[in-house]
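One chain, subunit A, links the two complexes that follow: it is found with subunit B in the first and with subunit C in the second.
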Partner chain A sequence: MTDSLLAGALSQCSGDRLRQLAVSDTGFVFDPQTGQSFTVNATGRLVLDCLKRSDGLEEAAQCLAEDCDVPLELALSSVEAFLMQLGRYL
Partner chain B sequence: MRNWRHWKVAVTGINAHAENPGPGLAVARCLVEHREFRGSVLGLAYDALDAGLYDHDNCQSSYLIPYPSAGDEALLERIKVIHSLEGIDAVIPCLDSELQNFISLRSELADLGIQMLIPSRDQFNLRAKNHLVDLCSKIGVAVPRSKMLTDPGFFDRAAREGFEYPLVVKGVFYDAAIVYNAFEAKAAFSRLVGKWGYPCLVQEVVNGDELNLAGVGDGRGNLTGFVMMRKRAVTDKGKAWAGVTVVDEALHATASKLVRALAWRGPLEVEVIKGTDGKIYLIEINPRFPSWIYLSHAVDRNLPVAVLRMLAGEKDLQLTQHEPGTFFIRHARELIVNLKDFESVLVNGYCGGDAVDRSA
Partner chain C sequence: MPENSSPKRPKLAWEPPFIQPHRVGEINKFGRHRPREARVASVFGVDVELLKKNYGSPLFVTSEERLRANVRRIKKAFAVRWGNTCHGWSYKTNYISAVCNILHQEGSLAEVVSAFEYEKARALGVPGEMIIFNGPNKGRAILERAVAEGAQIHLDHLDELNLVEAVAAAQGRKARVALRLNFDTGYSEPWSRFGFNLESGQARQAAKLAAASPHLQLCGLHSHLGTFILEPRAYGEQVKIMCKFMREIESSEDVQIDVIDIGGGLPSMNALQSIYLPPEQVVPSINEYAEVICGTLIEETRYRSHTNRGLPKLVFESGRAVVDDAQVLITSVVGTKRLPDGRAAAVLDAGTNLLFTAYWYNHKVETTGEARGALADTVLFGPLCMNIDVVRQSVQLPPLRAGDSLVVSPVGAYNNSQWMQFIEYRPNVVLVHEDGDVSVIRAAEDLSVMMAQDRLPEHLATPFAPVRGAGCNRFDAEAEKQAKTLRPFRICRG
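Take a look at the complex of A and B:
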């Protein structure tokens, strides 16, 4: 179930799609394709930034692990959880 | 020909009912607030309570004209009188129901020196609700499963014909209702036919985001200017109450395809649903600017001004890059009308800021 949710989220949140998002310093996110807007907290902004700069989940997790000084496994599960939530908004 | 910047432009559809405003006042506002426009806007109204008659910030003067049902001859006679008093350079018709009359009068008005950027009768008819499905199937544009109706008995056998509730029932010109069963459907059918005549269109509901594109066609198959918007809040009638500019390539491609197929000339609005499957479904094509057209001025892609430039033969419409993220929120406010102005409209069919006798 989680795998299929993650696969769905990944297809929704391709790198190109994420790079379209306008993200402000306050965490306000605007999707220029749908006109939807939502907010993310500081950690969410960091994950989003890592995802936009990375080519895949592992690379984004590596980026997050380094920025937050946490184990890679923890960063990976956090990125996956964030992506599944983000997929509902895109 | 006078420079378009100094034209007197007549605009119709200046009614402003809060839940379903006509586009005319928004078109007038686009013109009046444009940095290069030095001319004036003349409002043409159908009813003494049309707000634009009294909104002198946007319509310097305004006149009553006969309802569309009075026919094109009555409209021509009235426009001749107004033209003799005012000297009209161009008309921007803003209502679906009057366009047939203006199409009939195109050459007569041109002879008077009055220009219009409007479609031909064939173009107008091809995009009508009762022909839209045929057009779309020819050019590969998806539409929700649809059927033209004259018999409300259809709603009892809808399932047998492959239609599932909820359905959308639409009037031939305006208005629509979402219905959840045959009982509601028949009531909506009676109301819409009573108001707008036969036939009605019935469509399956497509779930997704509602996107709109306002644009201008040059009559040679090119979409020369456009603004795309996603509705963020709607009225009871489904009209945009708030919206935001978006960039959606699929919507732009669909609108371009339609304009090319129709060789559309003049303003239009393309309404689509972007389904949860990512596919664009055409809902309808309106043959005029939408009431949210002021958003085009806000994003520096002023489409009513683009119409004037095109009529004047300018090639460069000076539209900036289409940017997403500009919102509009509509609000209602009261115009204060003095008794003298109201009397002038009822007695003379005229309201303006000067004392010239226009009772002719």
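Take a look at the complex of A and C:
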């Protein structure tokens, strides 16, 4: 992923914007700003929780790597891809 | 952090984080329900996981009960409307011997299109006179056998007509033949490469020649419109044209047509990739076809009640409509991945090597486990090292994991005949008997099957042997010594 793309996605997904999202325990996500709703999987919910707490990308990846017992590099690239997705929808 | 300060959180099953927008209220012009996960625990009454455990994965599962019910239903649809009917089982649709013999037990003729298929039917015990011998490539040797055994031979071209006549003359017999016709019904693309063209006059010429021969008995007319014909009126037009031609040649030649063979082409409840609507909405019932076909036949042969000629037998050669939904494929997820465009993907242990029809159908795919989350657009790849090995380009499935079972259906038509011996072994095919027992009807391949037809010339019997001859390969004592160590490279010195 190019840095500029990621930077764009990150700016879209600022902490304030993410904190507006209502996320249920079952993975239902509601965006009150657009009225759009989503389903997020369990790992996505974990990352969303981290990002809403203002954790950075690396912290979220660390959290994901630990909880899923996967290499940090894998978690990091997955979080980046997830952020790109969020950037498209929010 | 001090020990035992807090219990470690339970670990999550790894899956890349993913978010999917809901498409609530999106216009659905096809009148379909929103996709719901299709789950099955058993196929044809037998537990999927038990089948996998006993017979492996992938696994073709065939239902004897469904197969018999299908052919009875189709035959009944025609028989109640036209008393004198007969079904010809199209061997090429599914070669499995048990499948063929179930249909023969139901009274179906064998419709074969090659020497191999003819020999297979005979090996299964089908008498020659119960074989319809079709196809554009019938060699002299197999024709000699077919003529001697009284098979009905459907002529494809003039050279074949001459050959059959010569074979019959040499045997001092009269071969029973039918003319395969091609013509334009206005409904589907004419398959003009098969048989004699009607509009150009070829068919009339062939009929004249056959009628004049002392060694040919022209007893039938045959045509095949195409495949997956979704318009019953196409068959009505076909019957009308064939009956008109029958009347013409019966009045001009000394022939009596006893058989009108309308070929196959009836669709199954499968989803063609080129058609948006689901099969339940586009595939007419078999009764609709039978109504049009038999109705037209009654109308077009009414004149025969004023003559001494009897009514012809109606032969139909449905393959797909008989067998497609009588078989499913159980396959397992080997691994999962997330594609760069965000779509979920899974690699399966069965691909287009087993599911040749995946090239033109969107097969139904059902999961077998517990519900596991929201459906997402998923790509299903097969096991081949080829980019085109895709079982489904897009199907709504829950998150998959390695080891999950999927049931793909319907797969009974053209997969057990067009599957490829390529990269992977072909798996077991089992039959669920009418009493619920399960037995293997085609054993899985192994290395001995794959190598059975190979022949190694003596000088190629050993790999890594020294190579004599020209070019860069110079044989000498040292090279021979090296070769004996079986080192994995070709000896090339000097």
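We adopt the following convention: the second predicted complex is superposed on the first by the 88 of 90 C-alpha atoms of A that agree within 3 Å, B and C clash if a C-alpha of one lies under 4 Å from a C-alpha of the other, contacts with A are read in each partner's own complex, and residues count from 1 in each chain.
Here is the rule we use: contacts are C-beta pairs under 8 Å (C-beta built on N, C-alpha and C of every residue); 3 or more make two chains touch, one makes a residue touch a chain.
Note that the coordinates shown come from a computational prediction; the quantities given were computed from them, not determined experimentally.
Undergrad: Mind working out whether A:Ala22 is in touch with subunit B, subunit C, both or neither, as first, second, both or neither?
TA: first
Undergrad: Which partner does A:Gly44 contact after superposing on A: first (subunit B), second (subunit C), both, neither?
TA: second
Undergrad: If you count the residues of subunit A that each partner touches, which comes out higher, subunit B or subunit C?
TA: It is C that touches the greater number of subunit A residues.
Undergrad: Can you list the subunit A residues touching subunit B in their complex?
TA: Of all residues in subunit A, those touching subunit B are 22, 30, 32-35.
Undergrad: Which residues of subunit B touch subunit A in the complex?
TA: Within the complex, subunit B touches subunit A at residues 209, 229-230, 232, 243-248, 274, 324-325.
Undergrad: If we count contacts the way the header does, which residues on subunit A are in touch with subunit C in the complex?
TA: 27, 29, 36-44, 46-48, 64, 67-70, 78-79, 81-82, 85-86, 89
Undergrad: Quick one: which bits of subunit C touch subunit A in the complex? Just the residue numbers, please.
TA: 9, 11-22, 24, 338, 342, 373-374, 399
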